[in-house]
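What follows is subunit A paired twice: with subunit B in the first complex and subunit C in the second.
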Partner chain A sequence: MWLRRVGAMALTLLVTSFLVFSSLYLAPGDPVAFLVKGRSPSPDQLAAIRHEYGFDKPFPVRYWDWLTGMLHGDFGQSYQLHASVASVIGSRLPSTLLLVGLSTVLIVVFGVGLGIFGALRKGKGVVVLVTVGAAVPSFTAAIVLRSVFGVRLGWFPTVGTGSGFGDELHHMVLPAVALTITFMALVTRVTRASMLEELGREHVEVVTSRGLSRSTVIRRHVLRNALGPVVTVSGLLISGLLVSTAIVESAFGMNGVGSLLVTSVDHMDFPVVQAIVLLVVATFVVVNTVVDLVYPLIDPRVRAA
Partner chain B sequence: MSTATVSHPRLQSRLGGWAARLGRLTWPVRICAVLLVLVGLGAVFAPWLEPYDPTDGDLSNTLVAMSGAHWLGTDAGGHDTFSQLLAGGRTSLLGPLGVVLFSTVFGALVGLFSAWRGGWVDALIGRVLDVMFAFPSLLLAILAVALFGKGLGAPVVAMAIAYMPYTARLVRSLTAQEKTRPYIAAYRVQGHSPAFIALRRLLPAVGPTILAQSTVNFGYALLDLAALSFLGLGVQPPTPDWGAMINQSQAAVLEGQPLSAVLPAVLVVVVVVAVTVIGEHFGDRLAGREAKA
Partner chain C sequence: MNTLLDIKGLTVAMAGLGRPILDEVSLAVHDGEAVALVGESGSGKSVTARTALGLFPGGATVSGSVVVGGTEVVAAGPGDLRRVRTSVASMIFQDPRAGVNPVRRIGDFLTEPLRRIQGRSKAEATAQALELLGAVGMPDPPRHLRQFPHELSGGMLQRVMIAYALTADPRLLLCDEPTTALDVTTQAEIMAILGRLRRDRGLGILLITHDLDLAASVCDRVYVMYAGRIMEAAPSAALTSVPRHPYTRGLLGSAPPLTGPMPRLAPIPGAPLGLAEAVSGCPFAARCAHVVPGLCDATTPTLERHGDSQVACLRAAELIDETQGEGLR
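What follows is the complex of A and B.
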């Protein structure tokens, strides 16, 4: 089971890396011309690009060189920033990881919390909140949060990343909230639905009739069973969360990997775009394989099946 | 032709059926439907409704508040916000419509084919869809912009590809269930061709559920495309677009004049909520009908 899943993951990663690599050849015209579009390289630079991408070699060899280079941490050179792609991404990664981490905590805590609340209370409030919340894109949230809490009330800075951990965290609050809303709504929806399904089961009736307290029943016999789908959906949401950092970081003028993706597209810095796309997709594939492998620990029934 | 005479009473009973269905709608669904119709009409008739040319910036009238002359004010470039919202509806709604049309048609065909053939074909298509799921729609759209340039065309095609697996997977599971029902076997025994049974008999049976899913997908596609324009990678100014409007008005937000950014941002949310409510209403109702059957 483990070996099969990891094998499937490796295969998926290989296929996606091939797709991302060969996407360059989908662009109209000569790939080299495309890579240097918008710049006027000297013949030396042109030769360097030809050599770096190995356009003198056959296609499978080029792909193999690119792939093995990446496995060694060599993602090529950025055109716009005159540095290696790995160092450019590396210098921006901590800020993005902090943003994603903070947002993940908010999503899990408030998403699951609201979902439980919505399942135990009969009212429609949480349903309305979820429907609207899932439709609030991060750029709308960013505009409203900046306008209200940044400009009107002046509680939080509206732009930049900040320096020092405390200041950085202070700068991170509004972006993290903006990033959280949509995904929190989706997690709430799944938690609520999953809780409601478990609450209607016979074993819950049995333990309740045996006189266990409501909170014990909820904690031990409902919530635990209900968490499976929540974990699965959370894993599927990770790629959307990573891509949304592009929106939030651009909106708040932060120097992260997401905003780097946008400026790189703007400046036609294709090696950087390629590397970030591959990182996001690879993260998605790895996280979901881990979720699949961990799932039997949460819900042992799956292993039996 | 004889069909002409037959179609008349059939049409009448159909209209009667629709009227009865409208009567059964809940109030939230009715309100959402009215909102969508209004926004849709506004977009379609924008050239006749807009009080000003949405691309024409009047620099002596920038960031005007709501007034008789400018109902919803103007942005930092002096564009009339109401006119821009109307005209922006065209690109903002047409884009997702294209995504949903492409992804629904191709997804339905792929799903139908996969479930109908079964065996290794089904398994192979399943693996391919798995790989496609790893590419989030917005990321694929951004990659398409990097390759083919800014605008609406390349992102719409890229997102149609990204949404296709969702429809395909749904259609596949629906078809796999429906395939085992006796009426399909009956058509087979009668000697109808597989293509006829699949496209003319099976597809209409699962069609409404696909449509409900596609309606919800329309909302997500609208969010993605608006995000792309917000990033400055989608529809380019001066072409009006809701996402681009928000992007253009970001500086004004920091100056304490958020109106021209907040209005398109709220409109996006309203349209997506309306679409989702309607899509889920019909989806739930179809699921309920299925459970009863």
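What follows is the complex of A and C.
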């Protein structure tokens, strides 16, 4: 089973790499025009540039070069930054990973926590909160959070990435909240619905009637059984976080992979765009494979199937 | 004789319904006695059994008294409820497939209450779980402990449920249609296990069922319930030989006999009284062949003694003469 999963993963990545590469190849606009920016080179110079960047080779050859290069850890050169793609992305990855990590913690702790709270309390407060939260786009959240907690109250820095772990984390709080409000709301909703469904099940009545304490029943029979949908949805959302960093990092002026993607698209820096898109897809595939592998531990019934 | 379960004048009502779910229900189960509570679905028999564990429908107003092993559970605090649930009474439910947590192993399911409530060590709890699985006739207890519910048949799972109920070492076993979800052979096996446990452990049993013949054949006494009220209460022999309430007679007439020639079946006409319908007078009046307009819909019959039975029918006395004249039914 493991072998099949890993094989499927590799195949997915291969197909994606082809789609990513060819879609940018077919995209309108010519990177050479950007590379020569404003100057008017002679046809000879143009041909030299084309040759240097390999634009003169046929498509299959270019794809093959790119693919084999990647397998050796060579993602090509950034047109814009005159450095290797690996180093450009590598230098920004830690800050983005920190943002994604903090967001994951927020989603799991607050999303699941609020969902449990909402399922066990009669009131409608959580439902209202979730409905509002799910409707706030992250750029709106970014603007509001910056003006309230950054500018007015001055609790958090509003721009930049910070230096040193503590300072970086401090800088991350508002972006992470802006990034996760919608996701937290979704996880809360799924957790609450799943908990409510399990609370009404007969096996819960059975253990209750046997005299197990309410907290034991909730923990070991309701929450435990409600985990399936929560893990699936959290996995999907968390693997999507990397994409959403583009908006939030730009809004908070952070130097991460997300903002790099935005500027690279602007400048038609294809090698960087390709690498980032592939990174996003790889994350997606890996996270979902992990969810698939964890699922039988949560629900033994799928093991048989 | 010690009274294990003593329900007196229990009324459970909910706003927005036409009639109470339970209306002045009184019922007793003594030590070591097997008692059946019989009725169609919606009659309130399952609700009655659940009240013995302090499980009342959400939002209901409850009056009357339910004393279980000497403890009052109506309006009881968590401590009293816990005492009743953990050491006096436990329940076997209708659908074992829905009753066992599907994501936990049978072993976890059985040892959880032993460890968390009875305070046994892991080894003690496992040993006791093995013993209980043996006691309910499971063929390979060590293997079953490691199995998940979906790996067992319905009949096997019902045995697991019985073993689970026995982890409390209860004196009263509430059995809510324990064989309805099972096939006929398995039904007989489960009833045999319950009978054996009753003898071996001196358990009191309250059997909830819609099958009056089954009830009368395995229990000492039978209560017949309709629309949240007790219609007739009698020793099993008296109930089947001289059924006094028209509803009881209808129930006996509507089930095919297990042996002998097939008589003409006379199912009770009409449908059971819904919760939305208001009652005036006798709740059975709409379906009763002996109804007397002006009498039965004006006066509410209460349980009165006739011979060995208690009957809630305004015409009980005259109807008995009538049936005896016809030679029963």
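As a convention for this text, the second predicted complex is superposed on the first by the 270 of 305 C-alpha atoms of A that agree within 3 Å, B and C clash if a C-alpha of one lies under 4 Å from a C-alpha of the other, contacts with A are read in each partner's own complex, and residues count from 1 in each chain.
FYI, a contact is a pair of C-beta atoms (placed from the backbone, for glycine too) under 8 Å apart; a residue touches a chain by one contact, two chains touch by 3 or more.
Keep in mind that what you see is a predicted model, and the values were worked out from it rather than measured.
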Evaluate whether subunit B and subunit C can sit on subunit A together after superposition, giving fit or clash. fit
Which partner does A:Leu3 reach: the first (subunit B), the second (subunit C), both, or neither? neither
Subunit B, subunit C and vertex subunit A (Cα centres) - angle in steps of 10°: 80
Subunit B or subunit C: which reaches more residues on subunit A? B
Just checking: does A:Ala27 make contact with subunit B only, subunit C only, both, or neither of them? Give me first, second, both or neither. first
In the superposed arrangement, does A:Val207 touch subunit B (first), subunit C (second), both or neither? second
Contacts for A:Val262 in the overlay, against subunit B (first) and subunit C (second): which applies, first, second, both or neither? first
Which partner does A:Leu71 reach: the first (subunit B), the second (subunit C), both, or neither? neither
Can you report the least C-alpha distance between subunit B and subunit C in the superposed arrangement, rounded to whole Å? 19
What residues on subunit A does subunit C touch that subunit B touches too? none
Contact residues on subunit C for subunit A in the complex? 50, 53, 55, 81-82, 84-86, 90-91, 93, 95, 98-104, 112-113, 116-117, 148, 150-151, 161, 164-165, 167-168
Which residues of subunit B touch subunit A in the complex? 130-131, 134-136, 138-139, 142-143, 145-148, 219, 223, 226-227, 230-233, 243, 246, 250, 253-256, 258, 261-262, 265-266, 268-269, 272-273, 276-277
Where on subunit A does subunit B make contact in their complex? 12, 15-16, 19-20, 23-24, 26-28, 34, 131-132, 134-140, 143-144, 146-147, 150-152, 158-159, 239-240, 242-244, 246-247, 250-251, 261-262, 264-266, 268, 270, 273, 277, 280-281, 284-285
If we count contacts the way the header does, which residues on subunit A are in touch with subunit C in the complex? 201-203, 205-213, 216, 220-221, 224-225, 298-301, 304
